[in-house]
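What follows is a pair of complexes built around chain A, which joins chain B in one and chain C in the other.
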Partner chain A sequence: MLIEVIEEQSIPLTIVGLNGRMDSSNSREFEEKIVGLIQNGKTKMIVDCAQLQYISSAGLRVFLMAAKQLTMAKGKLVLSSLNDDVRQVFNLTGFSSIFEIRDSREDAMKSYDA
Partner chain B sequence: MSETGRDNLKAVIVNDLAEIGRLSEAIDVFIAQNGLDRKAAFEINLAMDELLTNTISYGYDDGQEHRIGIEVALSDGVITIEVEDDGRAFNPFEAREPDLDAGLLERPIGGLGVHLVRQLIDEVDYRRTDGRNIVTLKKHV
Partner chain C sequence: MATTESVSKDHFREKEKSILTGFVLGLVALAPDVVAVVLANSVMLLSDLLKSASETVATFLSWLAVRKVRRGKTEDYNYGQGKLENISSLAVAGAMMLSWMIVSYGAIERFRHPTPIGRIGLALFVTGGSALVNLWVWRKNLKLTRIEPSPVLESQWRLYRAKFAANISVLVSLLISSGFREQRWAAYVDPAGAILISVFLLVSAYRVVTDSIYDLLDRTLDESLQLVILSELAAFFNDYVALHGIRSRRSGSNVYIEILMEFDGERRMSEVQDVIDRMKAGLEERIKGSQVLIAPTNMNGTPASGVR
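On to the complex of A and B.
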């Protein structure tokens, strides 16, 4: 799995792009990255899942933990561009109703405009 | 380490999380060879990932290498999978179902893996025989 971090200066917010599979063999890497960002005060975050091909509960665990930490820090986590498989996992676990999910990175950025 | 027949697949993996991805490639080939929907491969692989992650992460406490046997068979539109390991006795299907209606801050971290298995697989069974855990999954495809 590749993790790309972009600092969008205009809003400002942090965009994390995931590429590949997220499962128990590599979710720790994502956890360390996202916890590090939150600890550095990055509390407005988008995780772009356009290139995320697969997610297991090990990955969901990290998303939930990050969303809780961001909410408690008065920030938020917005997810974008889930493929059908990833969307199914979110639907089956009720995560679709507790996460803010947008169809595209642009839509996710717009959610920060208000 | 797998051998694929037309309507069955036998594989042995060791207790290393990286083995799960390799097994999923063998299952992808098996599903494709039998002309089944790619979605079935995704759902079976996710269920296997969740069960094997539990076994490999929590099933052993001796630091040794262990083998886990997997048999996949297709018959009359049903895929049957049997997973056999020599880890500590553990019935994954005794786990309590998560509360899917809880809000973000109330949601506990974890406990979703077995829930996903139940959602993705039509019939699940567990038995302990001769010091081994045997999990059987059946899915209509």
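On to the complex of A and C.
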């Protein structure tokens, strides 16, 4: 799985792009990356899932932990561009009620403008 | 209304009682079996007697295991009970294998030295009675297994089914051997019936061994169950401050789940306990056979002292 981090200086905003499959073999890498960002004060975040093909419970767990840490830090995490399979997992587990989910990265960025 | 815990305790008591009944009945049947073997001079009856004796010992071990589990379950968060059940199932399988060897040896010997059988009146009476009892215990254990799957009861109903089939084989064999006593071929019916028992025993033992060994190995939970845990955590998202870890595993028919979570220090302990109780009850209801421990932690993820 590839994790791409883009700093959007104008808002300021951090965009994390996920590519491939997220499961127990690489969720730790994602956890370290996202926890590191939060600890460095990056509390406004978009996770772009356009290239994310699959997410397992191990990946969801990282999202849950991140959501909690951002809540404490009074930050926000918006997800964008989930494919149908990933979106279904989020709906089934009730994660879609925890996270703000937008159809595209642009929509997600707009949510920070409001 | 009965709580989940009390229903579970009642089921364990019922399970223990059922196995004890099987053991006592098996023990009581051994004495007349010995007399019947001597009078009938049947290798099949002798094999059946030895088989019954080894099975009775195995049933006793199963009863001890279930008794220990029932007591442990009310006192501790007992991680070992699934393994204990599986080990006692292996003991039952061991008894079956031993019986198979005895039966096979006896049958081969009788084929080499054919001998007519003796008086079978008592043998018919004892074996017929034994068949009825084994049929009853088999059906009872099968019913209990369907209510709550358990390796012990699974092996027990298979054992009693094997015993019942063996009884029927013995009865048929005795009747044919006795009815056609004057025929030369009749002397081979007794060892042939013994061979039939040995095949049935071997298949049952193989099944119990493979099931128990598979269950003895700790396994991670299926992905579908992991998602159930996460959905419960999502449902209670606003009731805790941080999630510090989830540990889960399957052992035998049991599922163990440990969740480490941090709560708002400003909340009253009774409120925190209420959240824990509701989350635990929700998970245990959705994941059958699960035991859930939710441990409140400090901000470093270390469980508070005295948490059970």
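Quick note on the criterion: the second predicted complex is superposed on the first by the 114 of 114 C-alpha atoms of A that agree within 3 Å, B and C clash if a C-alpha of one lies under 4 Å from a C-alpha of the other, contacts with A are read in each partner's own complex, and residues count from 1 in each chain.
One rule holds in what follows: contacts are C-beta pairs under 8 Å (C-beta built on N, C-alpha and C of every residue); 3 or more make two chains touch, one makes a residue touch a chain.
As the structure is a prediction and not an experimental result, all values here were calculated from the model.
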Chain B and chain C placed together on chain A: clash or fit? clash
Open item on the list: With both complexes superposed on chain A, which partner does A:S104 reach: first (chain B), second (chain C), both or neither?
Closed with: neither
Please work out whether A:Q69 is in contact with chain B alone, chain C alone, both, or neither, and reply first, second, both or neither. second
>> A:R21 in the overlay: touching chain B, chain C, both, or neither? Say first, second, both or neither.
In response: first
Determine, under the contact definition given at the top, whether A:Q39 touches first (chain B), second (chain C), both, or neither.
-> neither
For A:D85, is the partner it touches chain B (first), chain C (second), both, or none of the two (neither)?
first
In this superposition, the partner of chain A with more touched residues, chain B or chain C, is B
Item to complete: Would you sort A:T93 into first (chain B), second (chain C), both or neither based on which partner it touches?
Response: both
Superposing both complexes on chain A puts chain C into chain B at one of 60-68, 204-212 or 294-302, namely 204-212
Chain A contact set shared between chain B and chain C covers 56-58, 60-61, 64-65, 67-68, 72, 89, 92-94, 98
Chain A partner, complex, touching residues on chain B are 17-18, 20-21, 42, 46, 49-50, 53, 56-57, 98, 100-101, 103-105, 107, 109-110, 112-113, 115-116, 119-120
As the complex stands, chain A meets chain C at residues 56-58, 60-61, 64-65, 67-69, 72, 89, 92-95, 97-98
In their shared complex, chain A is touched by residues of chain C numbered 223, 226-227, 229-231, 233-235, 237, 240-243, 246
Listed in rising order, the residues of chain A that touch chain B in the complex are 21, 23-25, 54, 56-58, 60-61, 64-65, 67-68, 71-72, 85, 89, 92-94, 98-99
